[in-house]
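To keep things simple, chains are lettered A, B, C, D, E and F as they appear, and every chain counts its residues starting from 1.
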């Protein structure tokens, strides 16, 4: 019968995919395992040999100051003060955020948690 | 006039929707109120009666150790040490995250906050 | 040659866009600079003059209590107790959240971190 | 000035190294010369003239050349929204995004460059998609569900009726809109302003008054999403101004003094069952409200299940924030002057004001009506009926403040929360009903 | 009752002020009268009759009028999902969203109002887009990659083979589905249930059994996304019930006592290289799995690079949460009774159960097979093979619990994690293979 | 080996229970037999042959069979990007996602399985949508606005001109691209590389050089989004390498020693007004830049309003993270070798390098030019002009480092931030201008 033929045909292809698929899945994970077992240690060893001196980049360059306090560092100090105030502002913000978080979201129909605060 | 008829017709349907709608809204919330007033207490009472023994599940099974330290628990300890180091790594990550948060986002044109750190 | 003409033509338009574009960019930032240098201080000064008294809004109205404890404040107290319990519940939630955060996400194939907890 | 020449010298040097790179022009050989005549004409002009013409041409693209009075008025309104949000803390989480959106939507531009929110292909148009298709509102409801505590409602279910009574504002406004000549679907969308619920208003208007649907008589409904949303949000922000006089008018001093007994404690089991029962009962009655109510109760279940705190937390923080930002700025931007400044918008604003008045009255009077059947300490303080309009939690706060004025020890806040949140459910149910009749 | 009249009085007053505003009806003059005859007919009815008819008409829209037995059964199933998630903590982060989704998807509605998930234009349909197009699963894998520690795998690469062995469950189920009469692509999608991986199952079924693809013989494949996803998630939640009996059946007491030596420490460099090497090797072999494996390893690189912690954190918290919420609720809602309750679904559930059994057996037996070639302390405890099915980390936990039962000091958890996570990779590779053959 | 047989025994047993279930094949009866001849032919082959053929067939799908030299080169480039990001911390938040994206985009695949980023229907294609339509860049600008402090700009408005001067890099590169034979819109998109701003470059190229637009002469513009984005991001990461030599060349030792007076304090009111005024002034001049500048200033208003901290926080953390992940990986994946490795890409990289040089020179020389009109402590240190290229904040950091080299106590960072952030505004304005002329 036609149908049976097709049906058996499908099953046939199914068995092929079963064997093929399993083989490939095994192969894939075997390859990955082999890479980490054998190839990677060699690669890391070679990498170690070729990179002896570490590269320097702009961020690693230490910002050296001359330690002596002179009138000339006024600008620097004022910048520092500015940064300090900024910092305070940042922590203020943090506190604000915590408060906000308590207050929760509100877009109309939603400031429900906020209502508990007015009783405190 | 044609138009007036249609117009009045619309208003007519409007009044129907007004009455119908209000009735249904009331009915809906009345149903919800009735459920919580009458049906729910009964349901909770029945539930209480039928569930006497509490089901156990895999996570609730306590992991019992035999308390005596033997050479055989080496594996366990090394696992524990591994976990401990892992834990440290986790807290390191947490610290990293905080640092990252300070450093903020950067994709070109955005590491602005980061610049404050190089002065510290 | 036709092509050269078109090509030169493109370059011509290019130069026009170069000059025009640069001029406009300069103009835009110049305008912004001028606004903050000159217009804004004037605006802020005027604003200061016209807003003397600060508006009150509902949230700023202090909730005054009469300080004497009477039998009549029973409702208020029970509300407060309710809120207090609620509060506790909130902190419980916070603790829960921290625990959840440790446990990480799980939708199948993902509760990996969670597994470390059962050994503790 | 010599520096300028230096810069140009450098450019000239750099661009003239092209032949050194040995490139041929093959890649552009395929061009045909369609603009020759224009070229020859312009070749006569001096270079300075050209640049001046360029600037003149560019000026035609600028906002200065294209600004209309409407644009300037709307930008001013946007600034006022921002000012109200910052200065008076009137719902800043929406007034500031909407206000900025109004400004963005009214920057004058030349059509055809994919700039405006109504131009297909523009970024704003893509973000506006979530408004037009009603996708943002259910996501907002998800977050609202994940942050709302329905305890007060569970403890005192009969207060839900106050949330139902206030919906008379919805249906009365609907009728009013019909009177003013709007057709049925448009009137339905306008009516929902009385629900005092932004996401519900956007959802319903995106379904009924979206400028796309075609009526039986062949006309296309108007796109009223913008005016309806702006009206709804504006009046909700103004609840502290609108409600107090009505409350004083409709209640006696004796009524305002009524003390209500504190709500009972609610068990976690009840809180878990609430979203499930609520979802089933309300959506069986009003299936068209499924996107709204389904998400609202889903969010609440995430919150109350005790097992999905992580998801609930995301839903009520980052997820709702993202949607709020996008919703706010695009709803604001949809007020582009040429489509927004119409008589329709004015009528919608008028109807909106009336709808808030009626809704407040409906809630208040129904509370007094219920008192006819209640006795002793069961009696309601009618003020809490006013909270049935939703506008959570501002109207509950207003009720509390009014109660305090009458008796400084009468804390109505927890009691007012019940009609307040049931008002949200009530207007979503009402939206579903209207959608079923007119969708 | 008098209050009701008062309310109506107010409304009447308010709506009758219209003429005062001096509005003409010009805006509605364009309407044509197409419904005249209907109007005249209904004019005779009294107003109360009309309202009663309105309620009767509305009743036709409600869930009460349209509910089918299937809807009620599915709603019950949804409630059971939620109950299991809350009560037994069975994967609540997915059972609760999916359970709620099942309820939402089975609220009865009248088609044509853009309510149902299969109706184009509905909100649920827009959110479902990410399922139908297979967009959500890769995003979930991104988050999973960003939270997964592959150390145990790197330390003991040979354990990866256990994750491969368990994939026999996938291919055996595929064959079983063919036997039951499903065509090739449908069978491929059903097979992946044996991979015990929700996102992979959704991804593959959205590509193969999506109700859109057309087969060479002209028939359209069935849409099996819903049943496959529900089956996959259900059985994964039931891993603690399914696996222990099989483990006891196939291992001897002596085997269950085997102690494995602790895994070596893994350097950060190895952890960084893992996602890069894993991405290249697995996707070169199975390119169709690129969306899944590419995102999985991308997420892991974000985690391990040490420079992108901020992105990894977002990927594994808020981003995956948002996707989980949307995925869960829409997969649940896709179980609308009329499309879900079919014999196909039943067969899929049967096949799913078998697939978990076979996968567990495959992993266990392959561990025993490997032991034939290993000696001394290299020997594996065959129990950990069962963790190869993935269902991370529940099956690793089950292995651990079984090991503890045999010897209270034998901690198998860390060892079981290796086959557990390699099972995820293995089933994604298998999905890619099936997609290549049948896509 | 016997275990393998055992496994197969189990499978056979399980799949053969089908008749027990009493299923008929009716569901598959509708199939027609279109592959009969093929079946009969293959029936002769032995089963092992079949499986071997299957593997051979599958091999045709693998990356090993389809890899081209271009793929391998691009994968190597991807790995180098990741290496640079991890090892040298060069903008890792983008180099790592882009590098991974390059790998993902160059995994070889057989077309037609919805795998590649350019294949309609693939997951990567859906995510790429946000790049192609220019949706991601405005969302990134929203986050950038929400994290940027414009104080230094408000305190010293004249420094904005340095950000304008550096835009000569944009227009000079535009001219250079025209010289090299690109047509006008392509050249405009290439020019924006000189703006040193990734999101702006992607936005403009998605509008002008998207492979969709059609020119007046009938040709379609090339799709240059990938090369432009990669070039822009690469050179921005290399700013610490490119800028210092130019800075030394164009400034004298005496100029590098100039100390600038510290900026004044800025009030919160000014900070609130800045985004509103900035939005109006810049978009009135350049309305086509509305999506970028509107979102940038909107984000900044969310930050500075003091009322919407919650939204600002989401915009600058989770929201921008999600967009960055998706943008990075898809921009990377768009470098699929067959469309990326062209002479155009090489020329774009050449032009990009020149543009950064010109932009740096433009900023520096304009600072010297401004000094002609300033006196005493008003004088600028010309180094800060180099920060006008944007590439925030790396170029400000470079300026700072160069200043420190000349005088260890000269802290230029805060001063350099002003031209740095105004460079962002400047190049967005420039993008709007180019779009108006050529869009």
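Quick notes
Throughout what follows, a residue touches a chain if its C-beta (ideal position, glycine included) is under 8 Å from a C-beta of that chain, and two chains touch if they have at least 3 such contacts.
Quick caveat: nothing in here was measured; it's all calculated off a predicted structure.
The minimum number of touch steps linking chain B to chain E comes to 1. Distance from the centre of chain A peaks at D, each centre being the average of the chain's Cα atoms.
For chain C, the chain whose average C-alpha position is most distant is E.
Computed from the mean C-alpha positions, the centre of chain B lies at a distance of 34 Å from the centre of chain F.
Between the CA-based centres of chain A and chain C the separation comes to 23 Å, rounded to the whole angstrom.
In chain B, the residues that reach two or more other chains under the touch definition are 7, 15, 17, 20, 24, 59, 63, 79, 83, 86, 101, 105, 118-119. For chain D, residues that reach two or more other chains under the stated contact definition are 25, 28, 31-32, 35, 54, 57-58, 89, 93, 149, 168, 172, 175, 179, 181, 183, 285-286, 306, 310, 313, 317-318, 321, 324, 397, 411, 413, 433, 437.
Taken together, the chain E residues at the contact with chain F in this complex read 133-135, 138, 142, 168, 172, 175-176, 179-183, 207, 216-219, 272, 276, 279-280, 283-288, 290-291, 294, 297-298, 301-302, 305-308, 310-311, 313-315, 318-319, 343-344, 347, 350, 354, 357-358, 361-362, 365-366, 368-369, 433, 435-437, 439. Residue ranges of chain B in contact with chain D, taken from their complex: 7, 10-11, 13-15, 17-18, 20-22, 24-37, 40, 43-44.
For chain B in complex with chain E, the touching residues are 2-3, 5-9, 12, 15-17, 19-20, 23-24, 55, 57-59, 61, 63-66, 70, 72-76, 78-79, 82-83, 85-86, 93, 96-97, 100-101, 105. Considering their complex, residues 154, 157-158, 160-161, 163-165, 167-168, 170-172, 174-175, 178-179, 181, 183-184, 187-188, 269-270, 273-274, 277-278, 281-282, 285-286, 422, 425-426, 429-430, 433-434, 437-438 of chain F touch chain C. Only residues 25, 28-29, 31-33, 35-36, 39, 42, 47, 50-51, 53-55, 57-58, 87-90, 149, 240, 259-263, 265, 306, 309-310, 313, 397-398, 401, 404, 408-411, 413-414 of chain F touch chain A when the two sit together in their complex.
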